[in-house]
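Here it is: the structure, laid out below.
Labels for the chains are A, B and C, by order of writing; each one numbers its residues from 1.
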Amino acid sequence: MNRRVVIAILALLVFGVVRMPFEAHLEKEHKAAYFHGANLDLSLREKIGQMGFLAALSGFRALVADFLWIHAHAFWERTEWGGMKVDFDAVTALQPRCLLFWSQAAWHMAFNASVAALEDPKQPREALRIKAQREYWKLGEDYLLRGIANNPDVYNLYGDLAFLYREKFKDHCKASEMFAKSAKFPDSPVYTHRFVLYELAQCPGHEREAYEGLLKLYKVGESERLPTLLKHLGELQEKLNVPADQKVYIPPAANP
Amino acid sequence: MSTPAISIQNLTKIYPIPFKREKVTAVQDLSLTVEPGQVYGLLGPNGSGKSTTMKIVLGLVSPTSGRTEIFGRDSTTVESREDVGFLPENPYFYKYLTGQETLRFYGKLCGLSSAKIRDRSKELLKLVGLENAADRRLAGYSKGMLQRIGLAQAMIQEPRLLVLDEPTAGVDPAGSREIRDLILDFKKRGITVLLCSHLLEQVQEICDRVGILNHGALIREGTLDELISIQDQTELILENATPELLADIHALLGKSSARLIEERKPQKTLERYFLDVTGTPQP
Amino acid sequence: MTATPTATQHKAFSLARISAIASNTLLELIRLKVFYFMLLFALLIIGSSFFTSKFTFQEQFQVLKDVSLGAMSIFTWLLAVLATAMLLPKDIEDRTLYTILAKPVPRFEYLLGKFIGVLLLLFIAISLMSAVFVVVLYTREQDAIANAARYVPDNAYSDQVKSIHAACFNSNLVPGIAIIYLKSALCAALTLLLSTFASSWIFTIITSVVVYLIGHIQPIARQAYLDSATTSHLTKVFLAVVALIIPDLTSLSLVDDIVVGNAIPMLIFVKTAGLGVTYICVYFFVGYLVFSGKEL
């Protein structure tokens, strides 16, 4: 019996030797397919505690992340933005492939926390309130950039980042760039290719490029001749001094 | 000459003790033969090697050296068990199964078809007196009933050899009598029985041959007549003997070299008395 | 019964014997009332909605899927370990093992029948849990669509319904659940192997749990062993033992990423499933190797 146990252990060792290269290769393939991207390091362990870390290691990352997500929203109810950020950092480390977490974390920082900071009654100095607001915008931007780094294969976070640049940073050039990246994906929303041009139209030095693009869309037909497209087309025609006989669209105010 | 039902040749079994140098010799150079159709009693005190010998015959334990055969087939092979039915000591079958389902389960293990299992189950349940309890879960069976269903499962594939370990242990006198009668019935059908028991009176009643083990070795073996008959004594039991006849016999004894050792009224066994007063019918 | 019985033919391999043992094992395990945990499962996934009622529907569906698949993972793992750890010790203690092996049943068929019984139990458990999960998810999806019909403007309604469908069931969950099953089957095979030489079922369970935990960091040991140039000899030996003996359970822990929408390419699924099946076969055969020589 003991001899058989020894043979069994040897058999397991041999199996271990045989499977090791296959498993190492499979691990690489998993990572290439965006599995096991979670960053389970010691800083995470400090954030989520021993039991949470053990649970995360034992194949229950998603549950630990959800628990922290709900916990973060308890902070939201008390507008404790710092506490929310700590939880969001842990959640996104645990579930880097969950677009919802990156998107919502960015939204809370850039759209909720930033407004709360700007209107903070405890901060009398406006300059400091504006500074805090911009810091929260940057936190939102950071979440989306890290989210994109973990999810370069989907359109969603590019679109979210584009909206952030457009709405908060008022950086239409970057917004256009992000909409363009989103539009490259076949499943991106239909409006994305238009938004690329709308933002480009507001990006200094790119008016001609935007005009060419909008003109091309205009010539597609009625389905593309939406009010915003027409508005930007009209504005660019004026900015670029397009000759009257080449103008394809006359804004209503210019009509006699 | 027919093939022996069980043939044990120079069987030795040594168990190593974990973490220690010394070993335990459970069976030592044992040789014995059980002929077909015999009821063979394997006796011995606790630790004498009976269970080990039985387990080796059944292929549950492998010998250190020596050979055991069942009807000429090496008993370490699975095929040899086609011919064997086994009832362990204090068996504990699956409680949630009924008697019928238990026989069906063991029948399937023996490769019997559903139709054959149905027929055999009906026969065996009748034989062991459990027809009325066939649909009752084993959890509701008494000790005697469990032993009887155990015998039935042992017989399910019509084996040529039955190995019974303490078949009447813990069973009341009535149940014990029924089991012994079943064993004698099996013998009449030509089934060989290897029986291990501590209840020596019962062994005496049903066995043809006995082997006595002690410290792993066979110290005595033979028919009961060979082993326990007191050769130089004769027992006569007389019915309706008159005092005059008894006086004549005493006078004859006085003239011979024979010595009268004892004269008394024979006694029923306590078991027979118990069965009579509790109303259990005679076999 | 009529004439003296005669010698019978033996079948070297019999599916009928294996299926008799498997179905009996399944019946035995079901009778342990293990399916009461199904109630707990249903309560968990329905109860999870109480914590997320103020969240968006995407968040609610995410939590529902995470809790369901997380609970499926843990329950099937627990079931695998607890059901398997008791299989052999119970039969040995009750001596039913002797009555079975005294029949013409090869030890291989006995062990295989027992193991298949456990696999069937796990399959039934995971199927039931999946059914409850799908029903609850579908009900919540219909609720979300009804809410959209009430509150979302007409021009945005169809986009909203598309978002609801996208957030709800995704077909990658099916291979995800298959991998959960394979992982629990692997744990069952490992537990069976341990029980063939363990002295008690408590030892089997504890060892199985420890191996489960270490199995999730085995890739770290493997990588450290393969990469190491300057570690001490003793450390290298320790890493080698962990890397070679302990199974790599992270390779079968894909559901956390699948549940958030990460697609699993077919080839990778086949390789992963193949690895899982190989583990199961190897552990079973090594367990048989030990059991075949076990003195009963």
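Convention: a residue touches a chain if its C-beta (ideal position, glycine included) is under 8 Å from a C-beta of that chain, and two chains touch if they have at least 3 such contacts.
Since the structure is predicted, the reported quantities are computational estimates derived from the model, not experimental observations.
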* Counting one step per pair of touching chains, how few steps separate chain A from chain B? -> 2
* Between B-C and A-C, flag the pair that has more C-beta pairs in contact. => A-C
* Which one of the chains is closest to the middle, using the mean of its C-alpha atoms? -> C
* Starting from the Cα centroid of chain A, hunt down the chain whose centroid lies farthest away. => B
* Structure fact -> Expressed in whole Å, how far the mean CA point of chain A lies from that of chain B is 81
* When the C-alpha atoms of chain B and chain C are each averaged to a single point, how far apart are the two points in Å? -> 47
* When the centre of a chain is set as the mean of its C-alpha atoms, what distance in Å lies between chain A and chain C? -> 35
* Which chain C residues sit where two or more other chains touch them? -> 293, 295
* chain C touches which residues of chain A in the complex? -> 1, 3-5, 7-9, 11-13, 15-17, 19-20, 22-24, 26-27, 29-30, 33-38, 54, 57-63, 65-66, 69-70, 73, 95, 97-100, 104
* Residues of chain C touching chain A in their complex? -> 51-52, 54-55, 58-59, 62-63, 66-67, 69-70, 73-74, 183, 193, 197, 212-213, 216-217, 219, 222-223, 226, 243-245, 248-251, 253-257, 259-265, 268, 271-272, 275, 278, 282, 286-287, 289-290, 292-295
* Give every residue of chain B touching chain C within the complex, in rising order. => 15, 55, 58-62, 71, 78-79, 81-94, 96-97, 105-106, 108-111, 123, 127, 150, 153-154, 157-160, 163, 189-191
* Asked: Inside the complex, what are the residues of chain C that reach chain B?
  -> 1, 3-12, 14, 16-17, 19-21, 24, 27-28, 31, 94-96, 98-106, 293, 295-296
